[in-house]
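Would you mind keeping the following structure in view while I ask a few things?
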Amino acid sequence: MGIGRASPAWKAVTYTLLIAYAVFSVAPLLWVLATALKPAAEAQRVPPTLIPSALYLENFRLAFTSPVFGVRPFMNSTLYAFGTVALALVIASLSGFAFSRYRFWGHRTIFLALILANLMPGVAKLVPIYIMYSAYRLYDTRLGLVLLFTLAVIPLGTWMMKGYFDRIPQELEESALIDGCTPLGALARVTVPLVAPGLAALAVIAFMDAWNAFTFPLILTERQALKPYTVAVYGFVGEYGEVQWNLVSAVAVTSVLPLLALFVFFQRTLVSGLTRGAIKT
Amino acid sequence: MILPAVTLVAALQIYPTLVGIWYAFHDVNLARLRLTPFVGLKNFTSIFAGPFPNLLNPVVAVTTVWVLGSVLLQVGVGLGLALLLQQRWVKGRDLLRSLYLFPWVISGIVVGYSWRFIFDPTVGLLNALLIRIDMAPRPWLATGPLAMGALLIAATWRSAGYSLVLQMGGLQSIPEDVYEAAAIDGVSGIGLLTRIILPLIKPFILVNLITTTVEALNAFDIVLALTRGGPLFRTEIVSLYMYHQGFQWGFLGKAAAVSVIVYLVSAIMILGYVRLLHEEEAF
Amino acid sequence: MMGTQGTRKGRITRRTFLKTAAGAAVAAAPGVSLLPKVYAQRRTLTIKALVRDYTLRLESPWRTAAVELKRRHPDVDINVELDGSPYDDQRRKALISTQAGRGADVIQMDNIWLGEFAEGGIIQDVTARFEAWKDKDDVPPVYLKTSTWKGRVYGLWLNSDVRLLHWNKQVFKKFGLDPNRPPRTWNELIAAAQKTTNPPNSWGYVFPGGQAEETVDRWLAYLYQLGGSVLNADNTQAVFNSEAGVRALQFHVDLVNKYRVTPREILGSQQDELVNALVTSERFAMGIVVGTGYRPQGTGEYKTPEEFARIRGATILPVPEGGRRATVMGGWILTVGRNSANADLAWEYITIASSEAYAREFWQKQQRVPTRKSAFERMATYNQVMPYFDQIAESVPFARLGPQVPQYPSFLPFMITGIQRALSGEMPPKGALDQAAAQTNDVLKR
């Protein structure tokens, strides 16, 4: 708000509210972490303790050696996420570039259609995609999932990349060519660095969407070996029953830790990507 | 060059939509996928007036409460926090923003199970805290309205940070001169807020409303984990209804009919939003 | 589309851009892992088995049977792939994968799905194989009859099971009840439950009430005790809304709303959630279980069957006034998937896995009823390995199976919702059951 002056009372109110919400944001995670460190008996004690009595790591061992969880789901999720990012960056850049640089027949309509097509709720596609995938042998395949995840970010990605390409005048590339660069060099030295923030933001968003995807993998994977960690968590809870909260908490903590690491490193990119996206609208 | 993008969208978005519409008019059952006789509007009458639960009772009401609640809470909290956080004298802005945003990156299924645990009547955090301050513990997830409340709390916890970042972007886009001019004119406090700031960030609020609405309609994993549509369908939002009918009981034709309805409703809503947005841009 | 006109410089830019993009795509290809089976040229035969998740906890029956199968065929490299699922997913996976063309070779099928799977072409007719099988006389008549549909045999029962009353001796002691005297009648059940109820942490009796098949299954026992049935003799009409049905449902409604010994949470439970709570925590004093409630890997409270017997008990279900002893019999049939590429091998695997030598440990430790004559006759001796097995043996004679008609999975949701609406107090039991019966009749007519 850019206002410099504020009464001490108002400052106190502001900080109280902000800190209260910060506590609200963090408390559930700490609670889950605490439970993950408790043995079953303590986790089920009524009423529950707020702080674990010891650092009990057995829950994590059980989670990682369970046939329905373990390390494989995380490897799958990583594979899907990276695959999606790679594919999404390429496709979104191609189409973003094309829409930005070329004025071909119907380009405005197609662009609009591309953007709007994905505003429809994804769940509505559940049944047709499922039946279609079964018919085309994409059911229970890694490729099938990656294609779907990529699709989810194409409209946003195209729109973002077009925005970035729009802001780069073609003269820049041309002047680089004149200066003696090869076409590839011009591209690499001039264009790509300028759209890099867009690529980075898109990469982060695509990664997050693919990493956290649940609904479609739930329906479209069958073999245990293919399931991402989200579906594995769902299966784990079903298998051990909600009573074993200490186990479920351990699983939750292991699901969140990679995200925490990524968040710490890529937070700025994420925020700037979201903010820029908003401003451009 | 746009071929990959267009192919992908056409194949995985447009074609399935058309197939879905076709399935909505046929009797498609998981147990016999090869036999799909044409049944006209039967799936539609079934989802509207068929055996409980159906759309009119209680899915539409539940979904409306869910979407409205989500949007109002998330945008409201996000905006409120953004306004507070954006004040020039606030310290620790980046840290606070990180804390608010972090829940958003967590997968919906993990969020749902974590909150399901928190709301557990015997071993959950909430009742434990209530007992400690001598208040009565309640069976949160076993009572209709409370379950919806729990769901909204969990959803807001998760996504308010996203709204916050969006709104902060909006607030940051207001140039300093505006504040200076306002100070000169003697406008401050509530007046500053309502007459200057809010109108300037209206486009951001609108975008926020759209994204939140879409996310609420798409919500599936968080509801599945937290309440699974219970108790007795009091949190059975339309995506869950579609999943249960199609994949738990096998009535794929009915599920397809539901998706047709959802498409129609979303299309109307999106068009409405976009029209509002264009009016803003014109202005 | 590629024929768009750009400036000469533009075309260069586009081409080089495309090259870069193509390079990026190639670099990304490993990340987009394509179907891995393409390059595998090994001559391995794979038997894919869709089984219930809990059956994977022991080596028996699957893994020990797999070893035997491989031993019998030393010239072939056999790989047995086991895929375990929770209850709902098991049916869904069997239906989906078979119709998507990737069917499993062996499908562990709930016996109530027999009609649906047989008519839907999900499983194979194995009559010829059965007739040629040397051990076919080891199958008790009742288990042959109920794995036969319209005169054709479709599989072999892996196991059967009955429902018992499980009670927590420590909770009984805590509330001043004799830990070795479980209730024998409905009235005794209500009395014991009332004494052991102390909300919100202790509840006297629990039964499932969520949107799951178990909600109907665990209620059927009480319906049967009063002489009721789900369908009439020729399976054309629903009769579960008879007086017996209404009284059985009223009993449950009263447990929740009148005597308040069962929490309303049951309405939101998922399949197996409440029974997990019953057998691993002190939250509930009594409840209905499949088997005795013992967990093969143990829990925090006990590690061995002996420790289990000290702190918990299982007995035949309490009987109502004017009713007779009855319980529900369930069970799983091993079938060969329709699209199986190795049907003979799959059939052989089934015969091994369901035989006494390889399934015995599974029957004993998971408290299941054996489905081979040789084992059936010796069932009572299982008591030495698993406490309360004598109660299981005693319950078998008056245990009844559920319907096997193909429409059962389709009208099951109506019954579930009807029960739920009565439990929640929204509708009286009679009204709720009448409505469910009407909807069921609609489905049966088709």
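Each chain gets a letter, A, B and C, in the order it is written, and its residues are counted from 1.
As a convention for this text, a contact is a pair of C-beta atoms (placed from the backbone, for glycine too) under 8 Å apart; a residue touches a chain by one contact, two chains touch by 3 or more.
None of these values were measured; they are calculated from a predicted model.
Novice: Which neighbours does chain A have in common with chain C?
Specialist: Both-contact set = B.
Novice: Return the chain pair with more inter-chain C-beta contacts, choosing between B-C and A-B.
Specialist: Spelling it out, more C-beta pairs touch across A-B than across the other pair.
Novice: Need the CA-centroid distance for the pair chain B / chain C, whole Å please.
Specialist: 35
Novice: Give, as an integer number of Å, the spacing between the C-alpha centres of chain B and chain A.
Specialist: 17
Novice: At least two other chains touched by the same residue of chain A: list those residues.
Specialist: Those would be 44, 46, 90, 94, 97, 102, 134, 242.
Novice: What are the residue numbers in chain C that touch two or more other chains?
Specialist: Answer for chain C, listing residues that touch two or more other chains: 1, 14, 18, 96, 99, 201, 270, 283.
Novice: Which residues of chain B are in contact with two or more other chains?
Specialist: Residues 1-2, 33, 122, 127, 247 of chain B touch two or more partner chains.
Novice: Taking the complex as given, what residues does chain C use to touch chain A?
Specialist: 1, 4, 6, 9-10, 12-21, 24-25, 27-28, 31-35, 53, 56, 83-84, 86, 89, 93, 96-97, 99-102, 201, 270, 272-273, 275-277, 280-281, 283, 299-300
Novice: Enumerate the contact residues on chain A facing chain B in the complex.
Specialist: Chain A reaches chain B through residues 1-4, 6, 11, 14-15, 17-18, 21-22, 24-29, 31-32, 35, 43-48, 50, 90-92, 94-95, 97-99, 102, 110, 113-114, 116-129, 131-132, 134, 147-148, 150-151, 154-155, 158, 208, 211-212, 214-215, 219, 229-230, 233-234, 237, 242, 245, 248-249, 252, 255-256, 259-260, 262-263, 267, 270-271, 274-276, 278-279, 281.
Novice: Spell out the part of chain A that touches chain C in their complex, as residue ranges.
Specialist: It comes out as residues 39-41, 44, 46, 67-68, 79, 82-83, 85-87, 89-90, 93-94, 97, 101-102, 104, 133-135, 137, 139-143, 146, 170, 173-174, 177, 182-184, 186-188, 191-192, 222-224, 235, 238-244.
Novice: What residues of chain B sit close enough to touch chain C in their complex?
Specialist: 1-3, 29-34, 51-53, 121-122, 127, 137, 139, 141-143, 147, 227-232, 244, 247-250
Novice: For chain B, which residues are in contact with chain A within the complex?
Specialist: Residues in contact with chain A: 1-2, 4-6, 8-9, 12-17, 19-20, 23, 28, 33, 77, 81, 83-90, 96-103, 105-110, 113-118, 120, 122-125, 127-128, 131-132, 157, 161-162, 165-166, 168-174, 176, 179, 183, 188, 192, 197, 203-204, 207-208, 210, 214, 217-218, 220-221, 224-225, 238-239, 242-243, 246-247, 252, 255-256, 258-260, 262-263, 266-267, 270, 274, 277.
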